[in-house]
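A, B and C label the chains in the order they appear, each numbered from 1.
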């Protein structure tokens, strides 16, 4: 039996939730005070995901970089792979919010899109 | 010196100024001008490239630039005029005419003045510098406030350092811990003087825990080493009086110290104008219309009080814009009673601090912060000694803004019983 | 062969250089730091003392009173900020009255004009925020406040305009005494920037002045550096007092001063601590706490509005007085050593005196084309509306605000970089223009100043420094290390 402690981030209360796992399966969730906490804890211990926000280099823009994000969540353990994969990407201005900066970043199946306009 | 006129001048084109402008325009106000000191609209959101904005306003999670872009687009669709690279250097009030004279300058037009019927103050805030924190040691390069570092990384694409210690667990500091890690720096720890973090839970989990960056509560920086560039900092644990405990010092070798130790509303212009200031918030005292002590001058956003979420800034600014439009239309209702809001027993301040029942909307949101971390307590609200509401609260913390909603009918019931004298509404934490 | 080499571009070296630039001489200033005003001159009280403090007959007494008079004039001809705000020495207990009377007598002996004792009522009338515990005070109407940076910079710029050469980042390692074929003494200075032969040497090396003196003389001197820490408060506190408030030393120890600065901030300091390391300009929590505690004795309520704190070093010589003059066993080597308080005030008088010695040694004649006037960097913050209009008309970048706290524009920053001995570092810009001196302490303007400096110097932003050799701000680009 594996025990995992985490802090719920669904609301400011920040419940300390304890999840008991057996062979990777959730056996019990305690400490949460609402169903949203249970949902968060379950997904956080089995397949935690994050949206990654970062920068890529920009040629010909008003600034040397432009902000980007993963269009959807990527597995938490892939966060650093995503930013590393962005290292060699260079876009050329103009760029607009929603433009695709990179497809299937770091093999996650998720695209990276531009989040600022630079004309 | 060219002299102009405008119905409404909005000082600041960040999230507050933009939302105020759009809201005033939707109220039918035509003659609006936004004065922005930066080279583009959007304010500090342009450098907040992380996500988490807009859950309340747009029901989706946006990054700062995306959130700003939505308001910029609205302002452009509404054809609201704005001037960039323009610094307001003075405002004065003429009690005879009620006009506000705004003096500003920019490289294209030099110095000019505008006579405005109403002004919305939306200048935002600045960061508390190292000096104000009394951190001893040398004064080398490599000490940045977190927002300055954020500008360098996110706007200029340059690294302010490679090995970082962060003092203060305000949201910008937490966000920068993750940003620096993503961009190739090593963040050694975040030290926090208080026994609790000033930032959002979500940020502690996703910006620190995700990267195994330790959060040292009740710790502070007691020495900075390095005469030219930072070479390291010494961190010590503090006692309940926030004084360093001898013998607990640990030296961290690093090239950068980032400070995220609080934000201060930028009210230098408000002071020039003679606006009455609240020493707790460092922002103006405002009434239910978000109007300051100077008639026709409104305030919203972080210049009024430091917010935790930009969504609340937008909402507050929309209220200011709407009320400024009403003021310009001459819809001032000075009738009804005046209720002074008193905060005590853990509640540090409230915005607004007075309510004129004649101008009160059907429901009025009152926002405030508590001064400590409270668990399993109640928020109690009394009007003229009668309990108006009592809300059980699981957790309240200084880092998160609280609010209550006053219902006009309930308020006027009590107030009209008591006659027309001044009234007192008390907000307090109770067991 | 250079005629005169000055070691140190602090206020003393710069004041001497300026006075020497009146003569037909080749003058070289060697400075180990990257700019003028990088040592003691940048971190002191900025007070123009009236001159009652030093013992009659000392060099301190003489040059203080002379220097005070000169600064009144020079602040106009060389265009640096100075204000005669008057100073008060407070007796905070009845036993202090005797000490106040002694100071009055000493001041009279030193020739200080206008001194008188104020009783409590008159004192509180003049300064309503002075502590109620004050019994009486010595009032010195000729006391003043000055911008130590711009005073030093003004001297140096004017010297440079008159042909004096300045070499920065050049540290003197050793001094050799030589004799020429015709029997005249000269010196060889071995530095990090090469070797220089010079007929005369002026030792204005601040806390290092004993080191250079002792290289050429058997009659040794010893500098015991003393650290002084300061608190600088927001301009919102700047009007707490009009005068500079000193505390009469008492059984509680040497007091600290509370003063408005010439730019309108409030300053409290200094501590006085003997230290070993002549580079130790660190502040300490004990020091900062002590200042808040002692400063609070002078006024009814000391605001808690600190925006920055700093420490400076005083070159205290064991003998207690300035050491000024030609070294007996080294003709042509002239000391301006052991210059601690009231050194800033004394600087122009020391400058004229030392220049006089050199002039006699080298039998120099005055230049015809000496430029006596220097114009400072215009300040949009202080300019009248008409002056502002004119500045913007001359260059629209005077309407582009870079430092919002102190209202410093791009025009001023460009001026600071492009002028004689222009700024090469962020601190250099800060001291010349006040960009970054305000309540946010460079929070907003740093990221705007660095690109302006990089552009003007034609280098990448990574090359821009705060001040010293390794004081870089930027460590590469994003993702370089991934």
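Quick note on the criterion: contacts are C-beta pairs under 8 Å (C-beta built on N, C-alpha and C of every residue); 3 or more make two chains touch, one makes a residue touch a chain.
Since we're looking at a predicted model, the values are computed, not measured.
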Check your understanding: Which chain maximises the distance between its CA centroid and that of chain A?
Key -> C
Revision key, fill the gap. Reported most central chain by Cα centroids is B
Point to revise | Interface with more contacting C-beta pairs, comparing A-B to A-C | key: A-B
Exercise for review: Starting from the mean Cα coordinates of chain B and chain C, work out the distance between those two points in Å.
Suggested key: 39
Revision key, fill the gap. Whole-Å distance, C-alpha centre of chain A to that of chain B, is 27
Check your understanding: Rounded to the nearest whole Å, what is the centre-to-centre distance of chain A and chain C, using the mean of the C-alpha atoms as each centre?
Key -> 54
Check your understanding: In chain B, which residues are in touch with two or more of the other chains?
Key -> 153, 155-157, 183
Exercise for review: Quick one: which residues in chain A touch 2 or more of the other chains?
Suggested key: 55, 64-65, 80, 83
**Study point:** Residues of chain C touching at least two other chains
**Key:** 477-479, 482
Exercise for review: Going by the contact rule at the top, pick out the chain C residues touching chain B in the complex.
Suggested key: 232, 236, 279, 281-285, 287-288, 306-310, 385, 388-389, 392-393, 396-397, 399-401, 404-405, 407, 410, 439-444, 446-447, 461-462, 465-482
Practice item. Name, in rising order, each residue of chain A that touches chain B in their complex. Key: 6-9, 12-14, 33, 50-55, 57, 63-65, 67, 69, 76, 79-80, 83, 97, 115-117
Study note, to complete from the structure: Residue positions on chain B within touch of chain C in the complex are 1, 37, 85, 87, 89, 105-111, 126-127, 129-132, 134, 136-142, 144-145, 147-148, 151-153, 155-162, 183-185, 222-224, 227-229, 244, 255-256, 268, 271
**Study point:** Contacting residues of chain B [partner chain A, same complex]
**Key:** 46, 49-51, 61, 63, 65-66, 69, 153-157, 182-183, 200-202, 204-206, 209-210, 394-395, 397, 400
Review point. Which part of chain C faces chain A closely enough to touch in the complex?
Key: 477-479, 482
